[in-house]
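Next up: some structures, all given as structure tokens.
The same subunit A turns up in both complexes below, where it pairs with subunit B and then with subunit C.
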Partner chain A sequence: MEKPRFDWLQPVKIGLVGGAIGVFFALVGMVEAFSIRDIVDGIVSMGQMLMLISMTFTGYMAARRTTQPQHLWVLGSSLLAGLMFGGMVALLLIVGSLVNLRAVFINASPTLYELLAFGRGTQAGALLLLAEGVLVGVAAGLLYLLTGRFRQALVNALGWVVMAGVLQELLRITFGAWGPLAVINQWLFTGKGLSVPGAASLFVLVAGTTYFWSQTGSVLSNRLRRLPPGGQHTLRLVGILLLVLIVLALPQILGLYLSEVLTIVGVFALMGLGLNIVVGLAGMLDLGYVAFFAIGAYTMGALTSPELGFFSLSFWEALPFAVVAGVLAGVILGIPVLKMRGDYLAIVTLGFGEIVRILALSDFLRPWIGGAQGIAKIPKAIVGSIEFISPQQIYYLILVGCLLAGFISWRLKDSRLGRAWMAVREDEDVAAAMGINLVATKLLAFAGGAAFAALSGAIFASKLGSVYPHSFNVMISINVLCLIIVGGMGSITGVIVGAAALVGLPELLREFAEYRFLAYGAALVLMMLVRPAGLMPEATRRRELQEAETVEAEPEPAFGAPASP
Partner chain B sequence: MLRRVLESLSLTDSFMWLTGGAIVAVIVVGSAATLSMGRYSGRHWFDFIIFGLAQGSIYALIALGYTMVYGILRMINFAHSEIFMSGPYTACYVAMALSRSGFLESQPILSLAVIFIVAMAVSTVIAVLLERIAYRPLRTAPRLVPLITAIGASFFLQYTFRGLYGSGFQAYPDIRMLQGAWLLGPLRILKIQVVVILAAALMMAGLYLFIQRTRIGKAIRAVSEDKEIAALMGIDVDGMIVRTFVIGGMSAGAAGVLYALMYRQVHFFMGFIPGIKAFTAAVLGGIGNIPGAMLGGVFLGLFESLGPNLFLDGLGVPSPNQLKDAIAFIMLVMVLIFRPTGILGERLAEKKA
Partner chain C sequence: MALLEVEAVHAYYGNIHALKGVSLTVDEGEIVTLIGANGAGKSTTLKTISGLLRPRQGHVRLANEDLSAYKPHQIVAKGIVQVPEGRRVFGRLTVMENLEMGAFTRTDGKEIRQAAESVFALFPRLKERQHQVAGTLSGGEQQMLAIGRALMARPRVLLLDEPSMGLAPALVDSIFDTIKQLHATGTTILLVEQNARMALQVADRGYVLQTGEVILSATAENLRSNEMVRKAYLGLT
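Right, the complex of A and B next:
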């Protein structure tokens, strides 16, 4: 028998792809932009962390793809991949020192080169990069060779440290607001990032906990499952009660700035719940969803603002009109697209969204809705003697809206209508043959989705106190679509999780706002390629997608693999 | 139950016919009012038409990419607008370098050729990478999945180029040869518009011959007719799909340069609106149908350049040109409602059944 030979081509390919991604991060400007924040103060910045993580991932992928299980081979291929990665970035460094890349690539600045070269100049920097590649590659290979439990503990611990570094602002503010907790701040943070002892102790703590939990976690959850039904019930009740308390107290805990972030998350979550009905349940891809948000906001503005001087209603008087306007718009825009499917629907709704924005911006409707200047002086909501002004107060307004929408969608989902929506999503023709009234079902989906969006828009208008046409561009639609897809189409918790992750996180990382939509686009593509059901998938949806996958005759080789033997 | 369905159907149908009727009425009354007003002379209309033709032939070139990919994969390549953007945006830097070195001044035709080749190459590379990374693994997935992927890819590409080249507008260097106008008796035609129309027409004719006459073209048509049978006939289906993306990328890149030469600037978001318009053009001509896309593009260009002034000016709408895009989108909706197969698109109707 022929001795198996070391397959060096595979890791080289993987390393080159990984290196290309690394160069991409550098040229797009992420490395430089991210280095304003340190993960561990003075030791590793966010930008360097980005490079390190992608390098580790590349090495890990190469290790996983090794055809033979010998340890040395695995290490060899991860080393090779790491070396390739380092080599690519070093190449960028060398090319950058010879040619003025900045004439084309705006981010290829001296600062970037300095960061990449660890501040040591081109030649030393290139050598250091190669060395870094080798080291990180070997580390990634070792990580792969570790037993599952150790690996889990290490990855988790590293993840927590990175998250703590990225979200340091949030943590600092939160801890700082609570006297006794401020001690944690002093221990954990210093300067631009985590302090060395803080990072080390966090790492050890998380690693230890994960390791311990992986041993005893299943025992514990088994014991819980063996509790008598009454005991389980109380336990769940306590859990829910705790959750409610936390949700109610959140703005007080988090303070002003973070409450503002929360209200934005809430506005998007409310829209997400609406789009979830249209896309998640009824399966109609609506890219003009921002139109209904705009209609809600503009109705609120036009009816309440004394500036235009038509009605000057109060917030609560105008709110039902805003929602009804949304529903009407949903039906009116829904009728023309009743017979369209999939792609056509997407592009037509996109067109609708643009039409609404163009009309809002035009001089044509200026006397009624203010044209490019928008509408100002929209009053706040008043309950009794309390006026909802600060974000901490508006949070409760949005919370009520979200709860209402969440409750309605939860009840609708398993109702006759909800099942009809899902049937339409699966197969329109079969659904029609089963006696489902397609027209009514689809229009109700549009109307329901539009109602939530209009409600969200009305609250948004009152929150800002003004509306401008520029707030209602297609990016809002994409944002909402992205959050329900990442969260998991059709799932209500998915929408909340998606909103928190895709709206909350970017709001917390405002200084990197430039890369928000880059990340969204990548998230959509990766999500569809890797996990089309989303982070928090709905049960039926997951089953369908799995079935669709098993139908596939042969799994496609992933990117970087040879197409055929 | 059945009666109720019928009733609601007729209700929605009548609503749509009413809307359609109202729009036609606006068009007729508006045109009559504008023409009787006599604010625009024949020369103005001539300008509008030439501009519309130039604009429309660019739409037609972009629409080819949409329509061919739709024909072969049954999906809207949403990121096609970014394929369109990437080429001329990159070639802009080549053009600036050429302009700085004075080569653009001394050898304008050669320089233009270089610019076109660079733009087409970049667009093609992006298109092929997109197919390989994002679309090919999802070919058998449920329909919504590749569509969402395409939307994601579109934004990813937009912001990638923003990150690479910056977020500002980049001015295209002037090419002396293409500036100014020719005088045809009393009429004045901008040179650039004539060049755009001619170049686009030439490329479309070449492409049409390629698809109709060559072996590869035949194979592409076979794959878009039926993938399985084409594979049984010994056609490399994956290869043909890649070639389709190559052709789409090339024509988008060329269209992009023409667009940039006409508007003299590039921007990372420049693909979005022309992309939707070109899709409209593709639908208008009947998606999946190559001559249809060309016809649809030219028609849309004319409609858009004449529309605002012809239909709305007479009705006293202030600054009607702001509503240009809205008119195009309304036309898209109307076409999809009343003639979803498009002007020439009978073929698709059979296929969908």
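Right, the complex of A and C next:
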């Protein structure tokens, strides 16, 4: 028998791919931009962290792909991949010192080289990078070889430390607003990053908790499951009550800035719930969805603003008109595209979105909706004697909108209409053969989706107090589409999770906003590879993906043959 | 009196004159087959009956009622249900969900359950697999499901478009057995087939379609012995 030989090609390949990604990060300027912030003060910056994480990931992938289970081979693979990664970056350093890369890559600045070389010059830097690659590669291999529970604990702990470092400013502000919690600030943070003891204790805390939980968590949940039905019922009730309390108290817990972020997340979640009906449930790709958001916002503005002085309605008086305008626009868009499918539909809806934006900008409609100047002085919502002004108040307005939309979506999904949407999504022709009224089904999807977007737009207009045409560009449509894809097409909780991930996170990392779409792209590609059904997949899609893996080949049965015993 | 009546129907795809005055009738409880080569206009005939394509001239009637004013979904509700060509099941839904879709025009939950039971009696295999995703069924099972799904609507006339297409010979036999069984329970069927030999064995009467025109119509027995049919469609001399 032939002795198995060490397969060095695979780790080299993985290492080169990883290294290319590392070089890419460096050349697009991410490493330098991220280096302004330290994760752990004086020890590791965010830019270095980015490199370290991609290196670890590369080493880990190489370890996972090793064909033989021997530990040494696994470590060899990850080492090799890490070395390749370090080598690629070192190469960038050397090439950069010989050739002026800046002519092409404007981010290839001396500062970048200094950062990459640990401030030690080209030669020493290159050697250090190789050493770093080897060390991190081996560490990644060791991580792979650890038992699942240890690995989980380590990864979680590292993740938390990195997150705490990345979101440090936010955490500082939030803790600072809570008198007693301010102590945490002093322990955890220095002025520039996590303090060393803070990072260490956070690491130990999270690692310990994860490790402990993985041991006792399943026991605990088993014990809970064995409770009598009455007990389970109360437990669930308590859980729901707790959730409601947290959701209600969220703006007070999180403070002003985070509440602002929450309201933005909410505006997008509300739009997402609408687009989810059109794309997720009825399967019609709409790329001009922002149009309905704009129509809701502009209707609110035109009807309420004293600046224009037509109606000067209050927020609540104008709201139904905004929603109805959205519904009408949905039907108006729906009728001409009834016979279109897939890519044609996408293109036409894209055009529709642009038409609405250009109309908003036009001089033609200027007397009514303000042209490029937009509409200002849009009033806030008033309930009783409370005026919804600050984000902490507007949060509740949007919360009610989201709950309403979520509830309606949820009821619709299991309704007759929901089943008709599902049939149209799966196969339009067969749906017609089942006796489904395609025209009504599609128009109701467009109208329903548009209603939620218009509602969102109306709240958005009142929140900002003004509307401008440039707020309604195609990127909003794309954003909303991305968030339902990432969350999981057709899934209601998925929309919320997707909005939090794709809208909330970037809002929290504003200073790196220019990399936002890069991160979106990467996130989408990664999602498609790792969780193609989304973060919170809908039942149908989850099932489809599972079945695809487990389907077994079976002999063709005869028609009407009795079931095998 | 005929239950389903197609009278001198002309249908077009843009400029293509696909049906040139097709007439046929199906009586209550009958199996009538429409045979013809690929592209003869068989599917087009079914499409005009189910309202997916509007005839430019001529009429389609169900129990003497002209259907030209009705939309496809209304025609399904009237009892004309089509099993489309090529086993088009809802691949990502389960068998049971597919069947429920078939009962879309009906609202009485109890009746729907009964209909499902009778489909399962006809296809025990589907009952076993009721929670399986339809896309993972074998070709034969998918055809069973497509037929079963149409039966869920309790059709007055069942339109079958090439149910044997692309199936292994053993399965072709069993699908024609199923059609006979359906016939025995009194279902009225218009069966479109390229497999003329099998179709003429189960049918009461038949029509031969050629480039959009009915060139021959007779009892199945007479068609089987017809010289032209034997040559062109049965491959015999």
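Everything below uses one rule, namely that the second predicted complex is superposed on the first by the 543 of 565 C-alpha atoms of A that agree within 3 Å, B and C clash if a C-alpha of one lies under 4 Å from a C-alpha of the other, contacts with A are read in each partner's own complex, and residues count from 1 in each chain.
One rule holds in what follows: contacts are C-beta pairs under 8 Å (C-beta built on N, C-alpha and C of every residue); 3 or more make two chains touch, one makes a residue touch a chain.
For clarity, every value in this text was computed on a predicted model and none was experimentally measured.
Novice: Is A:402 contacted by the first partner subunit B, the second partner subunit C, both or neither?
Specialist: The answer is neither, since A:402 touches no partner chain.
Novice: Once chain A of both complexes is superposed, is A:287 in touch with subunit B (first), subunit C (second), both, or neither?
Specialist: Touch partner of A:287: subunit B, not subunit C.
Novice: Could you look at A:273 and tell me whether it touches subunit B, subunit C, both or neither (first, second, both, neither)?
Specialist: Neither partner.
Novice: Classify the contacts of A:355 with the two partner chains as first (subunit B alone), second (subunit C alone), both, or neither.
Specialist: A:355 contacts subunit B only, not subunit C.
Novice: Between subunit B and subunit C, which one contacts more residues of subunit A in the superposed model?
Specialist: B
Novice: Thinking of the overlay built on chain A, is A:524 touched by subunit B (first), by subunit C (second), by both, or by neither?
Specialist: first
Novice: By the touch definition at the top of the document, which applies to A:437: first (subunit B), second (subunit C), both, or neither?
Specialist: It touches subunit B and subunit C both.
Novice: By the touch definition at the top of the document, which applies to A:344: first (subunit B), second (subunit C), both, or neither?
Specialist: In the superposition, A:344 contacts subunit B only.
Novice: Go through the superposed model and pick first if A:139 touches only subunit B, second if only subunit C, both, or neither.
Specialist: Touch partners of A:139: none, neither subunit B nor subunit C.
Novice: Which residues form the common part of the subunit A surface touched by subunit B and by subunit C?
Specialist: 435, 437, 439, 544, 548, 551, 556, 558-559
Novice: Which residues of subunit A touch subunit C once you look at their complex with the stated criterion?
Specialist: Within the complex, subunit A touches subunit C at residues 416, 419-420, 422-423, 426-427, 429-439, 540-541, 543-544, 547-548, 551, 554, 556-563.
Novice: Report the residues of subunit B in contact with subunit A in the complex, numbered from low to high.
Specialist: So the residues of subunit B in touch with subunit A come to 1, 4-5, 8-9, 12, 15-16, 19, 70, 75-76, 78, 93, 97, 132-134, 136-138, 140-149, 151-160, 162-167, 272, 276, 279-280, 283, 317-320, 322-323, 325-326, 329-330, 332-333, 336-337, 340.
Novice: Can you list the subunit C residues touching subunit A in their complex?
Specialist: That would be residues 50, 52, 71-73, 76-77, 81-84, 88-94, 100-102, 104-105, 122-125, 127-128, 132-133, 135-136, 138-141, 143-144, 149-150, 153, 168, 170-171, 174-175, 177-178, 181 of subunit C.
Novice: Which bits of subunit A are touching subunit B when the two form their complex?
Specialist: 24, 27-30, 103-107, 283, 285, 287, 335-340, 342-344, 346-348, 350-352, 354-355, 358-359, 361-364, 366, 435, 437, 439-440, 474, 478, 481-482, 485, 514-515, 517-518, 520-525, 527-529, 532, 544-545, 548-549, 551-553, 556, 558-559
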